[in-house]
Amino acid sequence: MRKIGVFVCWCGLNISRTVDIKKVVEEASSHPQVVCSTDYKYLCSEPGQKLIKEMVQEKGLDGYVVAACSPSMHETTFRELASRCDINPYLCEMANIREQCSWVHEDREEATEKAIKLVNMTVEKVLYNEPLYPDSFPLTKRVMVVGAGVAGMQASLDIADAGYEVLLVEKRPFIGGHMTQLSETFPTLDCAQCILTPKTAEVARHPRIKMMPYSEVEEVKGYVGNFEAVIRRKATFVDWDKCTGCAICIEKCPKKIYSEFECGLKEGKSIDMAFPQAVPFKVFIDKESCIFLNRGKCGVCAKLCPEEAIDFQQQDQLVKEKVGAIIVATGYDLIDKSELAEYGYGKYKDVVDGMQYERINSSSGPFLGVIRRPSDGKIPKEIVFIQCAGSRDKEKGKPYCSKICCMYTAKQARLYKHKVPDGQAYIFYMDIRAGGKGYEEFIYRSVEEAGILYLRGQVSRVFEEEGKLVVWGMDTLSGKKIEINADMVVLASAMVPANGVKELANKLKISTDEHGFIQEAHPKLKPVESMTRGVYLAGCGHAPKDIAESVAQGSATASKVLTLFSRDSVMAEPTVSIVRKDECSGCLSCEIVCPFGAIEKEDYRGKIIAKVNSALCQGCGSCAVICRSGAIDLRGYTNQQLIAELEAALWK
Amino acid sequence: MNNPGYLQNLYLPRLASIEKITRETGDIKTFRLAFLEGDFSHLPGQFVELSVFGRGEAPISISSYFPGENSLELSIKKMGKVTSYVHSMCEGNKVGLRGPYGNTFPVERIKGQNLLFIGGGIGLAPLRSLIHYSLLKRGDFGKITIIYGARTPTDLVFKEEIFNIWPSLKNTEVHITVDVATNSWQGKVGVVPKILKELNPSPENTVAFTCGPPIMIKYTLEALKDLNFPEEDTITTLEMKMKCGIGKCGRCNIGDRYICLDGPVFTLKELKTLPQEY
Amino acid sequence: MNSNNPERTYFLIKKSKVQSLLNNLYNEYKLFVPVEEEEVVDFRRYEVDGNFTLEFTNTLLPPKGLFLPQQETLFTFNYERDISIEEKIEVSRRIIVGIRPCDSKSLTILDEVFKDVNEDVYYLQKRNNTLLIGLGCTNPQIYCFCSSLEIDPGKDISVDIFLTDLEDSYLVSVNTERGQLLIKDFPEYFEKAGEDEITRALEIQSPAREGFSVGFDKKDTEVFMDVEKIFEHPVWEELAETCLGCGICTYLCSTCHCFDITDELTKNEGRRFRCWDSCQFFSFTNMASGHNPRPDRKERIRQRFMHKLSYFVSRYGCIACVGCGRCLKYCPVDIDITRVIGTITNE
Amino acid sequence: MKNQSYVELTNILKQKIDRLLSEKIVDYMIVYEKGSLWFKTRPKMIRKQTDMEKVIWNRYCQFNLSTFLKSLSGKDENIGIIAKKCDLGSIVELIKNNQIKKENLYILQVACDGVINWQKLENLLGTKVAKAIEVEEDSPNLVIKMPERNIEVLKNDCLPDKCLICDFQPSPYANDFLTIVDEKIEDIKEIKSQPLPNLEPLDNMSYEERLGYWLKHFSRCMRCYACRNVCPVCYCSTCMFDGQEGLWISKESKTSDNYVYHLTRAFHVATLCVECGECQRVCPVNIPLMKLNSKLAKEISDTFGYQAGLLIDDLSPFKTYCQEDPDEFK
Amino acid sequence: MEIVAFCCQWCSYAGADLAGTSRLKYPADIRIIKIPCSSRINPTFILKALSKGVDGVMVAGCHPGDCHYATGNYFTRRRLTILKRLLEFSGINPERLQLYWISAAEGGKFAESVRDMVSRLERLQDKPFPRNPGISL
């Protein structure tokens, strides 16, 4: 078999403080197949890598073990180094003696003993590692962007501008996402519509962007470079080729409904356009409420439409599209009312969430930009903003910070003060998080603003008394109980992932974190990649963020996609399963358990046996375990390798 | 009754160290081994059981003949556990050896005759010990003809000897052929049996020795028959899976013969009496 | 492996004294006695006052395992600085009590193999150090056919001491000097046997020589020497259809002796051991190149019978079968050597 | 069943097979043939009608012939097979696992009221069994006619466990059900009041006793692998223990490795094992393998409500999952 | 004490890393083997480990529903549920095999699980599989 090198890293004091490096080096060298065993202060550093390279050449190593930090930190580093040393990168393995040894154990002797074991195990594994070579597949240079918020639009524009076709799938009938609902935006306080409209317009007229509003992803098959998506184009019951957006129908439609866009502050109609600047500039019928669709009567719109665009027969359409990459930019929703009951939200009309307030504040909103309270349209003179409504609250299962609330609350309070100069705004906060260019200054200005009172503390209850909303809180700085009689309460509600993202994630075979936000492949190094190759993520679907960040991430995914598209084929990870044909009995159990449909049938010497499509295989190894005979094995984690590792773990 | 140690333990290998490694082809290396202590003598055709401690043993033909030295050469093709491991070893490393085992080429009987060697691939290894032997005792033999072939030029073994040393010797002919030529290949192209037929050697006072892959042997034997080589002068070596090498473990038998004891060298005549199970 | 002593002597030992004798022997010897466990009788190490039985027909596993254990470490080695090897050879003095005539015959057959040309120290050392106390069969089991191989179930001169069951005592026939010495060491257990006991023993033994349900005429096996003819016989094809390739027949066979040699290594310490192998297994002859001269059940089952009835005979002059009936009894698909011989000779 | 019934059934069987072969409905038939001793039978493949006289059906046909189907995947031959009720389960499993196509199979189910395990019979009678001339059934007894006298034994004492719980009914997957109306199956059923061998004795042991129990048994195993080779649902073309020799367990039969082998074997047949009992029958060293098999079958049925060999469309619970599965883990 | 842990690389291995970066202390008896998914654990690995006399085998995977490969841990859950019963039946205390669901974010849970495993094993009355149960014959 092979000549193995062992390199033990001190990681400065991180490892050497608890692990007796010298002993580990010595023990490793007693392995008959370890022909070189040595240590260095920082192996990942330039000189460290040089040392490894020299040893490889001097001793003619076939593979090596780096005993250092977690492979998730530096496996790539050392595998790339291996390539540069003319060793197949898969003949390099790491023994994790930092995160799983020196950092978690205190007793020097114990830690040293464990480190020795871990090195032994890894050496034994490497003995059975096989050189692996990535496979390559053709690539469709077309991308699907799911979610046409500002993040999705930015990604689309960047990619389309670079010359590739983009399919922009949006579940709502208009593009722009939540930003379309905002009034002015921090930190510059420019009007959201003003900065957004040029973008939506650009998207709409871009020759390489195929907009698919009011559509949802039904199914995704395939793999990086070769996805096949089925998209459901939901019926709008309006022929959009004919509709001119004249809105006559809307006016006459007798059915009033809840307007999602206006967050219920204003009624919508069964046939409607979300807002007057919507792109596409078309109306659609709400299937649930339309009288005609439900009872077969009415049809006023159809009668009135000058273009005869109404088409009650319209059906959902399923379209198949081939794309090479997918960007998930599904954005956010705000936490559900029911979770904020202690603030009286949902119970009292004048307790509103941040988005409702944005609408109230918006000059195109229900009160045309005058701050009025929803219950009676009065201008609130005392207004309480409550930050962290739902966020950073373990009990609600949202222990995370929604990140933008400090900023938008400050923005909203300031806008309030601009519009109601004699009003008093109170802001309850836990602490202020204003990381971002110009953010601290922005907050500072609102704190300085007369009439905005920042109260550090939490609100325990909000209830109505004599037409006022009584807010009970606690000032944690002074330790005093506070009671405010307010006209209106604004909750900076927690951001949660958009509804339906979990299902979408399942279809795309990507994972979501415990809160339902889409999981990135690596929190630091691969923040815009998902776990599935060829699927990227941007915007608030990944985590709460503001517009600037969403846009930046949109552009980042675009750059990833463009990198992918810069080659004519995709390389696949070689750690996939493989069938030893002679040993396969053709029971096809593996086909049933493979979550990626990676097992195909193959005729081998007159017998049907299993075959792995290495482009689809993600290397989970389920098949290797259901297969009783071990005919299918997972490269990189073969039975042989794992057993070698296991046995070494049990050496006395 | 209690008599420990009165018998010699034939399962214990003697230690030897790797003196020199020559890479022959992509998967064949020749190892020159020297015993750490004790003498060693053998005759052409015999093999040893090579031990790599912890990985096992493999029977390997001795491919050299260095009388009086306690060293030998083994040419090993990388196949499985043991052979792969040996391939990763370096000069100075230690291995174990048992043997020599097996019968030998009939060196006495063939005195005074012409020798025709027909080898294919690694099959030249066992023949080489006899070639060494006959060249050392050059006076004992008549003309020596060596026909050797491999799949491609890079698969040829003992390149120095077959191209430079042997052809330069008196009354010694070397014909080299490959199945598939490369651009730079100047020599013969064609499978060994075909070249043999073209050369049309006379069976007169000649003994033919052949060794190589089964398919080559099959057609070579046919060709030799066509050339009227008598069965008793057509000599080959057999390969069977083997463990003990000393006729106990029971797996290398073909009919009532053990390859490790009665072989690996057989004349075609003897082969004919055995069941076709090899 | 007995120094021959032509003059046989006879003693008697009371059945009731046997345990006490065993307890005494225990101090000087490793004793192996038949023990019944889970309806199976096998030779086991005897401990003082331990269980044993002499009322059985045949042990499940043949006693070959006491000389060629199913697994046996040959030597250990260590890579620490330089390679060092330490051989492991069993040298203790041993006695096997209750070995049947067929099984003791199998040992003389195995001796041929392990003495031939190269002497196998592991086997022979144990063989030389082991005294055999045989036990005659009065009631052969239905699968027995030792008589077909000219083995006498009532008499065995190849063991050192031979016992014949006389209801409340055993007739002790001493065949060898080693046997004599043993008797001399423990005079208190043995009394001289009288003529009538010796004749009685003869009477008891005689019915044992009949009463066989299966068997063949030894002469019939001679056809197997015509390898060319038998080799392509259709019977192999037929047997291969049902044979499971399990190797029970070879593992349980008293004369099958094929083994494998394997190394085991943990870091820098290891050992080489041998363990039983079977010609019925695919891997037995499968070579590194992937070529297997006996790739199918047909070739393998043929090998088993041909080896016993033909190849072994031409090499060592005797059939490698002692008629113990184990293969017959335990073959899951009732493949029966006596029938195979019958099928071939009856044409 | 009376001796006469067996004779009649054998005749019906022969006629049927004759037709199947002559009309080329099957290329060959897997049947029972007489064994070397009167209480033994052996499996046999017949291709020619001239071999017909070898076909036999009697109370000693305990083999599960479906074992011989497992190596047939990929061969395009039509095969006929004689199957008892219990053998049908394993045929179903082979079909489910793509080892054989239903279309290529002709299943002749024969009426069966229990087969005799000759080891049990032999243990009851000792070696005398050889001398028997004939065996007749006199429900609930078997009458063994010896030269001098007759011996009676309770038939149930000679039956393998599986027969004690068998319902003898025709299986929906059999092509034919061959029977003669002789004794009513109901009557026979009543006799089988004996409770099943239970696993309780083990349940009452401590872990150490239990481990000791098994290790004692496993220490006898000589790894002949007959239990695996005979098992109809051990259909892997190369068993994992053979594939990469020495990888999973040493070639040496160490008790610890035997433990790994046996538990793995049991786990591998779990969800497939139809409790035909063949593995235990063939084990030369009497290891109670069925205890392991039955235990797993029971656990799987309790946990997932699944029984092997029952329905061709059922998916093995190990090949599927349910989000609401019991989760005893943290 | 000796515990072998199989950790899936996405969740529990990362969880173990997090325990490390958070400098949480736990007993050193544990040896982690990284596998891609808990569904890569062949029950025979576990049997093999136990038969060599380890005190316990810990298997850690993503929480049900959160498998990186979508469904892997559901299969594992089924297999190991049954395997535990088999172990119990064959005389090995099923406590010796534990399965934990640990996400990449749960460094604390990882450390806690190791402690839990160790303390469970310490409480056991019975011994692990004997180191040298000998060979047959």
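For reference, chains read A, B, C, D and E in written order, and residue numbers begin at 1 within each chain.
The rule is simple: a residue touches a chain if its C-beta (ideal position, glycine included) is under 8 Å from a C-beta of that chain, and two chains touch if they have at least 3 such contacts.
Owing to the predicted nature of the structure, the values given are computational and were not obtained by experimental measurement.
*Asks:* Which chains sit in contact with both members of the pair chain B and chain C?
*Replies:* Expected: A.
*Asks:* Can you check which chain pair, C-D or A-B, has more C-beta pairs in contact?
*Replies:* The comparison resolves to C-D.
*Asks:* Relative to chain D, which chain's C-alpha centre is the most remote?
*Replies:* Checked the centroid distances; the maximum from chain D is A.
*Asks:* Taking CA centroids for every chain, report which one is farthest away from chain C.
*Replies:* It is A.
*Asks:* What chain lies closest to the overall centre, CA atoms only?
*Replies:* E
*Asks:* Between chain B and chain D, what is the gap in Å from one C-alpha centre to the other?
*Replies:* Taking the mean C-alpha position of each chain, the two centres sit 52 Å apart.
*Asks:* With centres defined as the mean C-alpha position, give me the chain C-chain E separation in Å.
*Replies:* That gives a centre separation of 46 Å.
*Asks:* Using mean CA coordinates as chain centres, what's the gap between chain A and chain D in Å?
*Replies:* Chain centroid spacing, chain A to chain D, equals 55 Å.
*Asks:* For chain A versus chain E, what separation do you get between their C-alpha means, in angstrom?
*Replies:* So the centre of chain A lies 30 Å away from the centre of chain E.
*Asks:* Would you mind listing the residues of chain E that make contact with two or more other chains?
*Replies:* Chain E, residues with two or more chain partners: 43, 48, 52, 71, 75, 79, 135-137.
*Asks:* Touching at least two other chains at once: which residues of chain C meet that condition?
*Replies:* 61, 70-71, 79, 260, 262, 264, 277
*Asks:* Among the residues of chain B, which ones contact at least 2 other chains?
*Replies:* Within chain B, the residues that touch at least two other chains are 54-55.
*Asks:* Enumerate the contact residues on chain C facing chain A in the complex.
*Replies:* Interface residues on chain C, with respect to chain A: 79-80, 266-268.
*Asks:* Show which residues of chain D lie in contact with chain C when the two form their complex.
*Replies:* Touch residues, chain D against chain C: 35-37, 40-45, 63, 67-68, 123, 127, 129-130, 217, 220, 222, 224-226, 229-230, 242, 245-246, 250-254, 278, 281-282, 284-286.
*Asks:* Along chain A, where are the residues that touch chain B in the complex?
*Replies:* Going by the criterion above, the answer is residues 1-3, 32, 35, 60, 62.
*Asks:* Quick check on the complex: what are the chain A residues that touch chain E?
*Replies:* Interface residues on the chain A side: 70-72, 96, 98-101, 103-107, 110-111, 113-114, 117-118, 121, 506, 509, 511-514, 531, 575, 593, 595-596, 618-622, 624-626, 634, 637, 639, 642-643, 645-647, 649-650.
*Asks:* Once bound in the complex, which stretches of chain A touch chain D?
*Replies:* Those in contact with chain D are residues 580, 582-589, 592-593, 605-608, 626, 628-631, 639-640, 643.
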